[in-house]
């Protein structure tokens, strides 16, 4: 009965797109309602911070930036808890031209590299550190919205997500003319797209959190099995999107969400080892000021309480 | 207003219309012609100079893209229009009110007016997140940003307009035994009206800015949303689509305000 | 008609017993008014009988408008002076709403048409609009405005605007009317028309009128009595009774009697105007 | 002095042979000017001799300013009329920069001080500023402006502003000066001062002056000859030679000779002004 | 106006009182309700933060002001130039004015994606945006200023034999100055805001960039510090032009 539905909202980390298809599918198919939740999906955007909105109670659930932003938020004293991790492996890659001067990571030195300062910069720094390169040895610039400077040859290395910019670049130049640098090749992983709730929610409404996870999982599994239908659902919310790109995106997102530990333990699995590695890295490079209580920041109990069969893709 | 004035107004209107109708028709034709020429130049220049579509797409491509998903643009247009209107109306009303209050209570004006000025030096986009925090993800939140951008010029101009009131006219009214309220309604506000409308025309554009920027903070419909989405998916055609739609909204709203101004401030128009 | 009272040397004149009428409508005694260090009026005495048409002339800046502002209730005179209206001593502010005042310039409201401008004072009094309009419409022909009721001020000539302003003043039916250079902005020819017309209307309604002008011909042509004011600080320098018969024809301005009166007034004015001209140059120079 | 030419019935008058001087400085024959359907001037004839002071009166809207605009070169008359200046037939536009023109109101530039306002025309002519300023400074005392050279217009009284505007016109040394109601905005007393002063200056420099006014007293007091214009469409209704001796004293306005002239002029004006008053009402009504 | 000048000290006192009351309210609310910094930091915290980050903030303010000033100057030149062109060649009016109005009715932020695309995320895109925002205001105010000229004064100049340019230089430009300067004063604040807003969409430095970064780092004290600096900078700019205005327009 509608009267008993609990109102709740999910704040995305970005604008509506197939990156979030599972949540839209779950809403469209009534999975949240079936769990007693009347869920509204609120898009994110530049200058909006999911962690902030969740911490203040403006939104009940959030899909936040990533492990790095969860750490930063906890470090600043924001009372949020991570209840699940979407992208099990680093979604960013660094792209250069195959015929260009950059052949190895060492070649980054002295070159113009653009990246986002929203987390991708940490990935870059991490990779450089593994190779013993100091950030000031290259020209790191903030990356603008457009990939045009890279396509035009004004930039040597550009940051891209597998599912978005990489697609745009490929639509402008052939895939085999590109060379990519992947974080995992350098032994680091930054899981991203974390689901978060306020500490109070986690403590006072654990059943609601579990219900939310169950419904979301169902939505995602449906999205993965019927990508066309899922893209339809997303495009109902954002009709001006480019369908081909969204389909590509969903395929890539599926790969990211089912990689690593998720292949064994299911979607939204919190890989404690990966989290710990990232934490130590951030601590070492001063991104966070003090060691954090990881058990308090990442509460795997909710996702673990759901039967493995429901979690596995 | 009772009937005689009403008839007089409509008489005047009918007369004006009969004189200006061919003129306005000619203006409309000239406008359409101008638009057509601009469209041809645009289309031609892109083809002729081979401008790459991600710098400047062809107009026809943009229009076709808009026609492909008309609902998105119509919904966005209406939503943004609603936010703009609410922000404009509340900002205009509040602006006039504050103008009157500041005019009447000098001490308050000296205390608060500088703060108003400072408030206008704050970039909205920086505290847009706070608006979402305080007012949620609602239409209200957008309208408040539109309001915030709108009220200040209206306050300033209302105050300016009220201060241009001829003191001799005030004395005349007082010699008739007029109360403060009568003075305000019958003399001061009508005198300030032309100035107020100058600000309202400006506010028409500003309230649209407010609505669009407001939509950048996590909204789902609106021209601002379309613009942002297009921007971050690097969909240049869609950027132009959103831009054309907001140009239509902005010009239309501005024209409506200007038309209302011509109707209400009829005595100023003929100079 | 009263006997001519010839030039009086002192600036202060004892008025009361000179008037045969028992009770002046308005009486001012020893009125002073200073604005900061500028003394506008000093020891001004004057009285106006009911139904009288009194004209006031004097150099620019001598305090004529200040005098009117006091009588209209807009400005309080300095302490010490006596202001009597309808036989009762009162404060200036008590006069607000009790005299009909037409300031320099027509001051029509551009957003009101002729009728609505004319009924402004009635509206302020609280009369319903329809009733006020009906009243004004009946008066239009007399003011030469028949058929113009729907026009807006910017569609009227200067002379017509003045007549609308006068009609507004007339509709505010008070015993005393103050007209501050009502024809100041008009050219001489329209002005002559308006003067004759005003006399007609006045003769019909017989209100008491106090009328400021810069034009000596106008002052003589219209008035029962001309008050000449001194240079600032203003007081009454000369009261000249105008014993020309009424109704007065335009030709009267070249009659020997008119010319004689004009000579007497011009001499008095000349003297004052020289004073004020000199002092104004001195003052401007010192700024 | 020329003999008095008395009222001439027709609106068009044959002028040439009436002037003893061989060559008029300015001559207008059969000048017409229409603005759309409004005919401002129709069949206007007039001539001005060198050194003459001619005053022009006429009802409001009869085309006086239009006439001046034509003579100043700002407006072309309609085809058919003849315009002669310094004996040569010419177009109005040829007169641009050749007569010194003072429009109604002073039109001082508020951002220029007294001297810089006065030298405006010289600057336009291309004279170096220093030289122009030196020239103006020498003239200041004569215009009663000594010591005021650095003042800005908003620091001046109305009379002083008019004198600055006149000085600007005088400094633009052209044989013909056009003054369009230069004292229109002044009160009667300041105005009287300015008139006497203008006569002094004119007697010294002896420029030819064409002077519009609404004030008949002023027209007679100043002019060698008064042109009375008809109601619109404007033409010359009457040329009245003023045979009063110069220099003229203020008292002259009450002399019998003056009063006689005034009577004659007023009658002519009265007639025209009645016409224009009626037609203006009719016209306004028809709009 | 004249009344305001009559008692400046009282006005200033009241202004200061108003500011003090506002700050006290703010401080009281933030401290009294124990609001976390990400909701509303206390003024004192902001000032402390401002002081500790002063070097960064001053650098950023310099960067932003540079963009704002250059864009402002460029915008003024374009606006004045177009207005003067229209004044000299009236035929241009029908071509320029409708286009300007149409372009102007789209919010400046609407163009930002294209401008960023065309001019990159460096300083030049900010300058272009500021110049665009400023030039329209200036064009419109300058034009209404030039149009306000008294026809009779133009006739006077013509009767002196002045050319079209002579009339423009000696009469129309000075006549237009008051409105132009009023437009310029209003544009100061807008220029800074537009620079900041554009920086927030992508930049290599500046207050907008600082604000953007600080939001990401959940450092709201820094966000507010940057806003304080931005306000101070706009106010100073506003005051400077206002001061120049009073100096230049001595005759009003």
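Each chain gets a letter, A, B, C, D and E, in the order it is written, and its residues are counted from 1.
Here, contacts are C-beta pairs under 8 Å (C-beta built on N, C-alpha and C of every residue); 3 or more make two chains touch, one makes a residue touch a chain.
What you are looking at is a predicted structure, and each value in this text was computed from that prediction instead of being measured.
Where touching is counted per the definition, the chains common to chain B and chain D are C, E. Separating the centre of chain A from that of chain B, both taken as means of CA atoms, is a distance of 39 Å.
Centre-to-centre spacing of chain A and chain D amounts to 86 Å, using the average Cα coordinate of each chain.
The distance from the centre of chain A to the centre of chain C, with each centre set as the mean of the Cα atoms, comes to 85 Å. Mean C-alpha position of chain C lies 52 Å from that of chain E.
Multi-chain contact residues of chain B, defined as those touching 2 or more other chains: 54, 125-126, 129, 133, 230-231. Shown for chain D are the residues in touch with two or more other chains, of which there are none. Residues of chain A in contact with at least two other chains: 46-47, 49, 52, 56, 145-146, 148.
Chains touching one another, given as pairs, are A-B, A-E, B-C, B-E, C-D, D-E.
Across the interface of their complex, chain D is touched by residues 59-60, 144, 147-148, 151, 155-160, 187-190, 192-193, 214-216, 250-251, 253-254, 259, 262-263, 266, 269-270, 273, 276-277, 280-281, 284-285, 287 of chain C. The touching residues of chain B, when paired with chain E in their complex, are 31, 34, 54-55, 107, 110-115, 117-118, 120-127, 129-130, 133, 163, 205, 208-209, 212-213, 227, 230-231, 236, 239-240, 242-243, 246-247, 250-251, 253-254. Interface of chain C with chain B (complex): residues 69, 72-74, 96-101, 103-105, 107, 109-111, 113, 115-116, 120-121, 123-125, 129-130, 133, 150, 152-154, 172.
Residues of chain B that touch chain A in their complex: 54, 65, 69, 71-72, 125-126, 128-129, 132-133, 136-137, 216-220, 225-226, 228-235, 238, 241.
On the side of chain E, the complex with chain A involves touching residues 36-39, 113, 116-117, 120-121, 200-204, 209, 212-213, 215-219.
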